[in-house]
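Here chain A shows up in two complexes: once beside chain B, once beside chain C.
Moving on, here comes the complex of A and B:
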């Protein structure tokens, strides 16, 4: 390759060369980090909940009016819901995966331990919950109807039986065998015996703060005696649409003394999921757009400046052609020139990308950039540069040797 | 002369439409994205109490047990009932209010309206003068009402509209959580953003619809919401909240001068020492007294995604500008011949420089207008988002002016290098080579 003459020529176009290289470097740094953010968000929102999410409806319900105990009302409501022809099963709970609101609690193995081993979310459920959610019980047994009690949430939250997720079992016990063992879920020091382990169930929160315990769930057999209840309903296949309309009607027919919020009161689980990850999806889409536009602008900049160089050097090209250089020689000259500039750009850009990630890491709790992203970015930008310079370079290669004789 | 430059610039810009369009597009995209994110950031990091926030402080103390520690050994960000009441009664600040939030069921007399839940604030009397809450009708309650657990309420204009069709409702009653409360005041337009006095309700939550004395709410067993955290043998059972070691109340004070703030800090240290001597506190005094803006900063109210987007958008703007510098360089250098002629005919370097910068300025202006349109579009998209703050994203007049100024300044800056390079053209050489 004729690298030396190219370098000599570039030395005469310092500002243009530096500008293109700088632009490539900045683009690489931003695109690498943006792609990395996209990957993080996408991997977050593609986590599974451990449920069978199709045909599930979630209802947020709040009872109004005086009442000494809400539990009988909850039971009446549940009976009415389960009686609907299109409903397979249903249960009432304080929270469910992706609801973005619930209880978290520290778990201990000894009642007097000061430090908790890990955090978990608490789901208060009944014997119908596992079937409704479609989670898989891998060890032990489900609650039976007799174990489900009415619990005043303002008093105690610990109950004698608990079903936990496999992830929680593994965090609590080194061998992961939790069945029959005792854990402590409150500060009052009342023990709970693990009677069952489910394969997987996500916590209600999707944020990074819950990332460390996002599969830790403890299920306790109780109906909370509270005016606020969430009903989770599994419909028969094909009945979801009909049930979305029938469920509020049924509930209001049971009693009008309740509030079911208009927009968020009755949702399919698909809607629950979409709402939970809306911000993450938005961020990923935004980053994607930024990457695309940045690459387009950089490409346009390269086309613009290269075209100018070709225009400026028409006479020299003509001379080279007259002296025997082939079209291919001219083409490869401009391609190589661009490659050298881009190479300089990506070297600086890689350093910038890592530096930028370092800065984001300290400021925004981002993870470390994997070098694969830098490598992919480098290849992409070198390819982009070559693609962008192709049109001006082809135009240059078509310059006729006659140009050499003109305007002298 | 400027008119002539303008004319030359327009001619030159028309000569190469593609290149001109590309430059304008780059500037518009860069400005559009930066202004969208900057406006969101500007709105979110705004002062909820302009002109008054310097006098509002959130006192923090640390009543925790010796072995329970917050991560960075920070004092706690809420109060226990006992400490809150002690500090409230000490009256060492110009104004002070102890409060918490909740949701109350309202049963309208009018049977046409279904019962509904609304957000409530249970607070002490100073809340209203301290936070400069405007009253549409009536007045807020006084300290005596707090002590007497008076069955009174102040409601928002929105709730007044819903229940009483916007009439002056003072003296009428509302039925909340099964108890009758006498309306004594209606609040005018008031919704500080962020919801600084209780961030547990959502950083950008709307202000509450019902306000009643804290003591009354405890007396009526109104349902409480927000964050609650206990240590030691503290149980979060509702009945025991007044006596247990649990933090669940927000406490705000108004201190009119920095000297008073200093004195109040000393008072907090002194109070902590006293409580340690009494055996209630186990740790040595650990206090903080942040003012409103410091508090918002400490609680990291502005979402980090928004900050990240702003930095990204400015990175994007820089790339767009570097791109514009390159394109302008190409454009100006291509006209070396024309510049040579002008120079030979007597135009000074300064004149050529001024003319080229005029051209850059026009690109900046048009790009800025385009960027403004893009920013409006971007903000419209932001408002479609579900985040709590989304509805706040509007471009105000200062931001609008800033957009145009930013566009022109950055483009002029981008034009300096190409214009300077173009002025260096030696006229003789250019004329000869023609």
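Moving on, here comes the complex of A and C:
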């Protein structure tokens, strides 16, 4: 319809046209990648750990003072904790999901295999852990108390029994059946037999690097003989607040030779989760603000330029009306003009978006941008352009045809 | 073709009412070439804008080609402007961003005409005004006279029943004005109805009929004392 004369007119206003198209292109490129980052971060936030996270408290504890073995103290502490009326169960461990610190290890199916099949985190736990975490055992059995040993972390981490997650089982064995099979968790070639499989348990890390094995967990029956211990406690329903106060008191009553950091020492699992995803949440919010600001600036740019052009072309609009243009013709002229500029912008912007992602992919190990984001961005920016130009275009359509006869 | 009866146009503000036209009566027959003359501020241009459906009026009746236009909505008025009326403005009013071809094409596009027919009409109209070779030129690359010829081509391309010209030679030198006027006369001879607003007596004299407007009304010069008073003053000064 009016496309040819509009393009002809735009060629006479190159600078304004190119600037606004470029602004749209840059906005699209940045917004697409920012939305992609937001989506990644939000999907991370919504991952489940495999635990029943309510009523769980995590305690970071460091024993101080002389001592050659910490395992007896750990056992005394655990007994004191489990004796509390508000506590359902508890265990000591090197780490737990979302702690953002722990052990990872390559897993092999043959002792002499040079290449590991996948990576896993190692959780040293006892027979109370599955109940405390609320993890669902789907195959095999739990550890029994007799299997739980005291382990010097400087020695081999391989133990005869291991419980693994279903995700790890599926990565190790084609049919996913791991029960009773042997895996190797260290390079010393000591085998561990899978005695149980749990449905799901997340690794301690939430970052991108752990993304490839974030559900791979191997649980070994041991108390690490270390001055650093984490206690994970499941409280009885409604007892969490009381236990938050009672637990440090109980531990200090058992022995004062310890440090429980004031703010990070004793936390509910909600706090653990909030802290673990603090950066992701912050990044998602920041990217959201960047998107909103960019879109607002682009919309304002379109409104500004369109308003300027409408003001500049009042006489021309009047002439068009005098020559038979209806209000709708004028409205559609400005909407089409904006659409064509925005179309040019989004074509360039799509290429920029993919290019920018390629750069982020190589420099920051970001994932490949899904083209759905580009498609959604294109539609969103075209719609934004049309929405932004609507008010100036409506103003243009209201210009009276008598304007054609005005000399000033 | 064009008949206004007791037509009035009032501009109202909170404190004052200004009559641009009052009890304005005119009847232009098909095929006539009428010049509307009058001093500045007399209402000539207001008449033309109402005649061309660029503006609404406050009272009275206006029949254009047998249609009472006061009841028409904006779209219908646009359609009539597009199909029945051709405009020639004093300032040419070409669109500077479009070349000559595209300028002449503007009203034809609004008519929804097919591309081949548009092209034929545009080239015919440009041939007629002697500017076919300038089709790809932009208005800024043409002289004033050439621009006005393009404006006339734009008005003619749609084959209007009525041609309205507002001081068509006002911005042209004598030679260019003469050639534009000759073109208008030629168009009239071919059957077009032309209403031309001008305050140039020489130009008005070339029309078939002159209508004089003073203070928003059509007056018979022979009976208007204001004309005699002015004539007396002119005579006394000369």
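To be clear about the criterion, the second predicted complex is superposed on the first by the 407 of 408 C-alpha atoms of A that agree within 3 Å, B and C clash if a C-alpha of one lies under 4 Å from a C-alpha of the other, contacts with A are read in each partner's own complex, and residues count from 1 in each chain.
Simple rule for what comes next: a residue touches a chain if its C-beta (ideal position, glycine included) is under 8 Å from a C-beta of that chain, and two chains touch if they have at least 3 such contacts.
Just so it is clear, the model here is predicted, and its values are computed rather than measured.
Novice: Figure out whether A:183 sits in contact with chain B (first) or chain C (second), or with both, or with neither.
Specialist: Neither partner.
Novice: Is chain A touched at more residues by chain B or by chain C?
Specialist: Looking at chain B versus chain C, the one contacting more residues of chain A is B.
Novice: Once chain A of both complexes is superposed, is A:388 in touch with chain B (first), chain C (second), both, or neither?
Specialist: neither
Novice: State whether A:319 touches chain B only (first), chain C only (second), both chains, or neither.
Specialist: Only chain C is touched by A:319; chain B is not.
Novice: Name the residues of chain A shared by its contacts with chain B and its contacts with chain C.
Specialist: Overlap of chain B and chain C footprints on chain A: residues 407.
Novice: Residues of chain C touching chain A in their complex?
Specialist: Interface residues on the chain C side: 45, 48-49, 52-55, 74-75, 78-79, 81-83, 87, 89-91, 93, 95-99, 102, 105-107, 109-111, 154, 158, 166.
Novice: In the complex of these two chains, what residues of chain A are touching chain B?
Specialist: Touch residues, chain A against chain B: 15-16, 19-20, 22-23, 26-27, 29-30, 33-34, 37, 62, 64-66, 114, 154-156, 187-188, 227, 256-257, 259, 275, 278-279, 282-283, 286-287, 290, 293-294, 297-298, 300-301, 304-305, 307-309, 311-312, 360, 363-365, 407.
Novice: Along chain A, where are the residues that touch chain C in the complex?
Specialist: That would be residues 1-2, 4-5, 8-9, 12-13, 315-316, 319-329, 400-402, 404-405, 407 of chain A.
Novice: State the interface residues of chain B toward chain A in the complex, per the touch definition above.
Specialist: 19, 22, 26, 29, 33, 67-68, 105, 107, 114-117, 178, 223, 230, 233-239, 304-305, 307-309, 312, 315-316, 318-320, 322-323, 325-327, 329-331, 333-334, 385-387, 417, 421, 434
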